[in-house]
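Just below sit the structures, each encoded as structure tokens.
Across the two complexes that follow, chain A remains constant while its partner is chain B and subsequently chain C.
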Partner chain A sequence: MSPFRTVPLGIAAVTLVATLWLAGTASTSAPVHAEANGSPALLTDPQVVGMRRLTEAQYRNSIADIFGSDIRVAGRFEPIVRPAHQLIASGARSSAITPSGLEQFDAMAREIARQVFDEEHRAQFTACVPADPAGADASCAGRTLAPLGRLLFRRPLSEQELALYVRIAGEGAGPTRSFAKGLELALGAMLVSPLFLYVVETAQPDPVRPGVMRLDDNSRAARLSFMLWNSAPNAALLDAAAAGRLTDQPQLAATVRRMVASPRFEQGLRAFFSDMLLFEKFDELAKDPVIYPYFNQDVLQALPEQMLRTITTQLLDGDGDYRELFTTRKTWMNRALGALYRVPVSQSQGWVPYEFTAESDRSGLLGLAGFLAMYSHSGRSSPTLRGRAIRELLLCQPVPNPPGNVNFTAVQDTGNKAMPTARIRLDAHTTDPVCAGCHKITDPIGLPLERFDGIGGFRTFENEAAIDVSGEMDDTRFTGGDGLGKAIAASKDATLCVTSRALEYATGRPSEDGELIERLEGGFAAQGYRLRQLIETIASLPQTYEVPTESIKAGTTLVATRR
Partner chain B sequence: MAFDISRRLALKGMMNGAAITVGVPLLDIFLDGNGVAMAATGAPVPVRFGTWFWGLGVNPSRWFPDNPGPGYDLKPELEVIKDHAHKINILGNFNVMLDGAPNLPHTSGGPAIRTGRALTAEGGLPGESFDVTIGDRIGTRTRFRSLETSASGDPRNSLSGRGGGNLNPSEGSAAGLYKRLFGTGFKDPNSADFTPDPEVMARRSVLSAVTDQRKALEGAVGAADRQKLDQYFTSVRQLENQLDVELTRPQPLQACLVPQPVADRAINAEIENVVANHALMTDLLVMALACDQTRVFNMMFNNGASSLTRIGSTITHHQLTHEEALDNRLGYQPEATYFLNRIFEAWTYFVAALDKVQEGDRTLLDNTLVFAHSETEFAKFHTIDNIPMMTAGSAGGRIKTGIYVDGLGTPISRVGLTLQQVMGVPIDKWGAKSMETGKSIGELVA
Partner chain C sequence: MDRGKTGLGLMCGGAAIGVAALMALTGSLSMEAPARAEAPPRALPAPPPGGVMGFVVQDFVPPVIQGMDACPKGTSPKVRDIYLASLPADERARLERKENEPELTKRWQATVFGADGTNICSQPDKFDRPLLATVQSADAGGLDLDGDAPGESCSHEEFTAPDGRTGIDNQEYRVMGCTLEWRGKDGIGGDLLTGMRQFHASGEWTQVILLRGVDSLENDDDVEVIYANTPDRPQLDSHGNFLPGYSFTISDKPPRHRNALHGHIVGGVLVTDAQDIKLAQTWGQGGARDIRGARTAYDFRHAKLRLAFQPDGSLRGLVGGYRPVFDVIQSPAIGGAGAALAAGIDCAGTLATLRKYADGIRDPKTGACSGVSSAMNLYAVPAFINDVPAPSARIAPAGTAHAGNKTL
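This part shows the complex of A and B:
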């Protein structure tokens, strides 16, 4: 097999650019090099206006795209703290790297670098034949490291930066008597650099609007790539940045259009919903094995995947209406889930498309076991948790925490014969007016899902008592999961919510601009609530690349702002 | 009271949250610990510090002693510590003052104790936790500045960090902890031969090169990002230090016995499993201290809103505390209390494991200060006054033990202040707003 067939995205192209530059030609693709003129600063003129830590998925995808998916990434990632009622994408902006976090990043970096320059892979990534494979070769090291550095740091390396990594390669090659070992050390150093672990955003003055700062081309390339594909920008996108195409509005729009039309957009959309729907909680999900013998590791792993497949099928295949995400019966099944849903799955491996029956009462995302199990207790369902999750995640309406001194005595355990169903137990609890205030906003939208138990299995009775699934949301009355799905689909809050989340996801900060969100939602509505369109609009919007003035003053980390 | 969720409120909700500015103290000074006591042998013995956390408090009347002072009486839930009570202090009646910040159930208490500040919204810490401050003082010369572990898994289960979006992640796997501590890079202090690893030397120079970028990088960023970079380079310094330790012939340590490898096992919140995982992690941690791989640790037994389960129970420990009826005859919730009993058994295991290791004429426990605490007093009502706390060990003779201290409703930050002072942090006041205090706990200081 030709080595080029396994060369991941754009290495070959980028190698050419770097070669030109190293030969002393001022390539149009590498303006930063041309401007470097011996200034001591590694980051020259552009002003750093933000640093967003890579998420685990972004790190993994970057490595797979730059070096190939056969390079294993083994290690634990320091979690990014999610700020209350915000996205992890926003938390990444204030996320630091602790000593034990760096220890892990360092171990991963060394392991990745070792694989990249092992005997099997090194030819693929080494741009030239070293003069002596058992010694240093600064020229060849430079030609190898420049293109890799450009992909890893998402911009061309400055002269000083490249000189630093070439020096490391040389110092490593000497004592180890191996040119490849030197490259390995230099690559390890790049992978542990803050320039890789953080997406460093730089800005320039907006030529059209004096006094306004906007992200420069390289930062736009990174923002687009992580927003739309959840991975590092490839060489083509960096070339577009180098040519100034991403600060040119029509060319930016054309680039975005191509990117959202790409199959890789699915990876981006999955990442967006994993963030919006708090999928990190699946890491902690546990169920009582005695009560739910069907619940095992295979089921646990299938739960988020089924939700994501349902989402991408609805929103990407045929560009469906976002609102139908709450009413569709189309989903996917695998063998592990078949037992939970009590439906036959013909294939023993993999996923098959499945459509719920009209009698199933499973309507869209909220009828899926992933949602139902997540917002339940370990041994029983919880209308309150489900209602709260719907309010907070899908309608962007934060529900107050229970007061500190609340008395839960009125909620009795499930074995209480006098109160067989959750509705009866909650009614008893909410006779207390202090509790009733909040339960009124959660329970009536959680109770319609009571036909689904703590792992999302269907039932019509709880403790031998028939389950009442009537519910109410913002003065609309309905019954069951179907009624709830329709109510959410009809709610303007749901479409406003996803609009604001998409904007927050793009910029890494919650938007304070209510008018902008309403305007975007208007456009979303006009286009039949196609999410691909909404995200395309946001990614092409000048405001998405505007730098808030606080970031420029940057006295403090702005986590959230009350309107 | 009715909640009208209008569209306006929905929009407001999207922009929810007050403006929160997280100031993280810069750390550029790497002070060596002054925390070295001389044992009878004349060999320097390090003093260690650690925390031990459990979620969901206690049944106060069955836990807190009646009488303040030395030789306290043991209530049923603390009966299990009997053999070690003379080395344990109980701290009660210290209060968390929130100054109008909400009492976030199971979330506010822990960060208030660790940072002396009130958390305003869920997620992260409102400031630097004092175990980190102490680590900066005593943890800079060991391979690991500190070790964070969670017996119930989940790296996010941590109360240690420098504030804001910085939380030291917890190791949830005993096998993973073993590999980190005693796998590649570990140098047995009692081994006869020592050869510095050339690869470690090369890595060391790589990190120096990374550090060379610092000035240029910091010149280009704003203050908020400079703080992140500062934390990053603090972490790099720790990693460099780790390599320096690996490149230096270690001093022989009599108490250090390299443990057997630990096999991978399930990580979940089922109580029997958590107890077993905790015991394995404790044994490793004890040897990490005895072999001087770290001098600072944080052990989380469970999480704040405890997700501990028990096979056959429909609901978690947390749910039980709220929903289980008080047994009128017993006067407490028997099912929820089952978990408490298991927790204090585990605590006793932890203390005993430290006390078993002899270092000169003292034990490892004597040369350590362990601070144990929960995040609530009585979980059923989320009370955050009178949160149960303990210390074990005497930090090499720096604090008195066997005492029940009644805080008389004074700020809980007095505890953090005292612990930091005992461990050599040069501060005379600590905490913010109503929890700012300059009054340490005199009864404890030796």
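This part shows the complex of A and C:
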């Protein structure tokens, strides 16, 4: 195996073990089993208090921001497992990388490094002219790799670290007779390092509150950048960290204010809602093409995008009320979705703004095909899945899983003329008291959406029987999607839920502090439920950067709810 | 349509969106036989708000009536069979023996070519070939094209349509109706239906119909009809049928083929006034210099639409008009010698027969006709049609278009 093959992986393994060793109990996983036969002390100070693995989007955004959007990132990303009833942002804190996953990262790292130092791009990133283009030049390599390392590791490289990568560059330049190839090898090693693949959070004692640890400036820069822009911190933010401005409360608040006012905040908001609404499930969404001929790849790709456009239009473009996400009729449409919704779309390509009619019964996110198709079966709608999703995702009210021995025959028999509608079939199914308990929680808020079939197409009849769309939520009775949307918009659970999710997204752990969430929700309400303001508040909050004294119990559901 | 109305439906960026009455269309998704001209409309839906309806054409095929009446001797012989028929019986029997197949092939294929590298499909005028066997029955799908302008036609026999309409002009069917390409090998004709549907699904031939000012699907004396091509590709279900409800934009690139017609509805059937209609016709996929992507056109002169509204919201009927005789053999002529050698098509014989039975596009000086009456069965499903107005610069200068042609 050539040095190009072994060096980066070896460095990655050594660094990963060293980092995990230093992280102590902050990480519960041991991703790579390799002997630390080199010096483990790549991180000595300050104290590592947590590690969060980059998501695929964060990895891609980081590469695009650091090296340019013309650098292609091709490869398979090992998914981060979502803990039950939590965000992927929380799962990232305990996400391992398997050996095969590391090989994928290694392949991607090599390809990225090759592009960065190819003839077309190398001038942008090489800080100096090497003394000999066909050999090693430690000085020039150091001047080139130091700024790149700072952006990739989200902090300045230590002297030890820089010396390591300069050495790799030198060892690569020798056999290849190419200074650029040496840099390519060193960059590949950086890109496969856990210090890049994981956001390593470090802490320092809080000078104001003795005994309390808080994230240091560099970790705050990374947290802010990934929370608000879903990408690595840029040089300006790292400069602010170096100057100590992110641990100074007024300067932190000013920085946050600028970041949420930036157009790049949309990228961060999209990432937050993709996490909160479980958009990873779109990767697995499939429908029976005979039953739903309008469901195809174009529609599948458009479903999450329509939801995100609806969200950003409501919450950013108009700085609108979060609650109106459940009542707005304004959305976006493209040709593929137009046929599903049976509405005209003037442009052959791209998206056009669209407003549903009052007769459509489509209110906000719950009236969009993305939600309706996601929470249906492959060949039929499901009031239970929809009701459960509303409870869990939008109201943060976990619903227990069904027991393993349930008889689903009645609900699956959609062609039974004696039980023509889902409501009738569910009534038959829930005669079993074991089932009835949970279905009472889910079905009354899922049945009002029965005018929408398994892909979100409108209908008024099922098996030639008129569909009853009456529903109930927390003693409030209503009809149809419109009534459901209004009920959710009026529910304090919905605003408490998004508040707790935003806090969890920021810190990477579900918050146990119900009082803090109530207080944040109160401020959210006072600001007219403007989510931009809520996230700004959370990002400026000292508690967001506090290091908890006790590690979170794995598997515990910690979400704010009034129950 | 009331003359005072604009007839436009939803306006969006200066474009009118045709809103079809999208009904439950489960029934219309099944494979339709092309032969029946139209079914008597029953329980038609109410006209849509704004009077705007849109459709995308799924089926556009010759109205072949299957059965032995039309061609009692079977389909027309191919070049190989024509050659054999020209030989004395003994010689024919000898060549038909298996061991003499190479010799037969060499000899019949030689008849495809003439002097100077000519062949019967690329230069059909240079060859004197026997005429094709024609349809013998008195029944044909089509329209009465000369009823309102008999002076423009040449002498011909007329057919009766399957629905009882008389005076049907369809000399193209008379000539082509016994060819294997039209009639099919198995008497079903499904290959043509499937093949033409694939062409129309490609986005190169795709046709759309936009109706404006529809006050009633039963009777309306004033309807604007736009019959045009679109570059947008239809979406198909798992059976290959076009899915209703998609949006299409009328082509805004020349040659635009946007035919603006005037029609009236009587008893649930829309009929347009006679007018020239041009529609895109692309043979295969490929660049303009590649014969596989040769761009030609359907050129229907003095043409009409006759379309019956269906209870499920679809349209079923015919487009008919006079076509220049050479247009009928456009496809094999583009194919050249290959069409004769591989498919056995006798372009020269076909062209000669078409000329003999030509009944339209009459030269007022000589009185000779250079076109044949023609018809295509048409089935269209509801769609949203986005009509982009043409820039005035694209309007053809006066005198360059055929009389009455409003194609932009």
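Note that the second predicted complex is superposed on the first by the 505 of 563 C-alpha atoms of A that agree within 3 Å, B and C clash if a C-alpha of one lies under 4 Å from a C-alpha of the other, contacts with A are read in each partner's own complex, and residues count from 1 in each chain.
Methods note: a residue touches a chain if its C-beta (ideal position, glycine included) is under 8 Å from a C-beta of that chain, and two chains touch if they have at least 3 such contacts.
Worth saying up front: this structure is predicted, and the values here are computed from it rather than measured.
In the overlay built on the shared chain, the residue A:339 is in contact with chain C alone; chain B does not reach it.
Contacts of A:139 after superposition on the shared chain: neither chain B nor chain C is touched. By the touch criterion defined above, A:290 lies against chain B and chain C together after alignment on the C-alpha atoms of chain A.
In the superposed model, A:91 lies in contact with chain B only, and not with chain C.
Judged by the number of chain A residues each one touches, B leads among chain B and chain C. Applying the stated contact rule after C-alpha superposition, one finds that A:433 touches chain B and leaves chain C untouched.
In the superposition on chain A, A:262 makes contact with neither chain B nor chain C. The intersection of chain A residues touching chain B with those touching chain C, taken from the two complexes, comprises 289-290. Chain C meets chain A in the complex at residues 10, 12-13, 15, 17-19, 22, 231-232, 235, 237-238, 243, 245-247, 249, 384, 386. Across the interface of their complex, chain B is touched by residues 40-43, 46-51, 76, 78-86, 91, 93-103, 106, 110, 160-161, 164, 167-168, 171-172, 175-176, 185, 188-189, 192-195, 197-198, 283-284, 286, 288-291, 377-380, 391, 395-398, 401-409, 411-415, 433, 436-438, 440-441, 474, 492-493, 496-497, 500, 510-512, 514, 517-518, 551-563 of chain A.
Listing the residues of chain B that touch chain A in their complex gives 1-3, 5, 7, 9-24, 102-105, 108, 121-124, 144-148, 153-156, 161-162, 164-169, 171, 176, 180, 198, 201-203, 205-206, 209-210, 212-213, 216-217, 219-225, 227-229, 231-232, 234-236, 238-239, 242, 268-270, 307, 309, 311-316, 319, 322-326, 380-384. Touching chain C in their complex are the following residues of chain A: 289-290, 293-294, 296, 335, 338-339, 342-348, 352.
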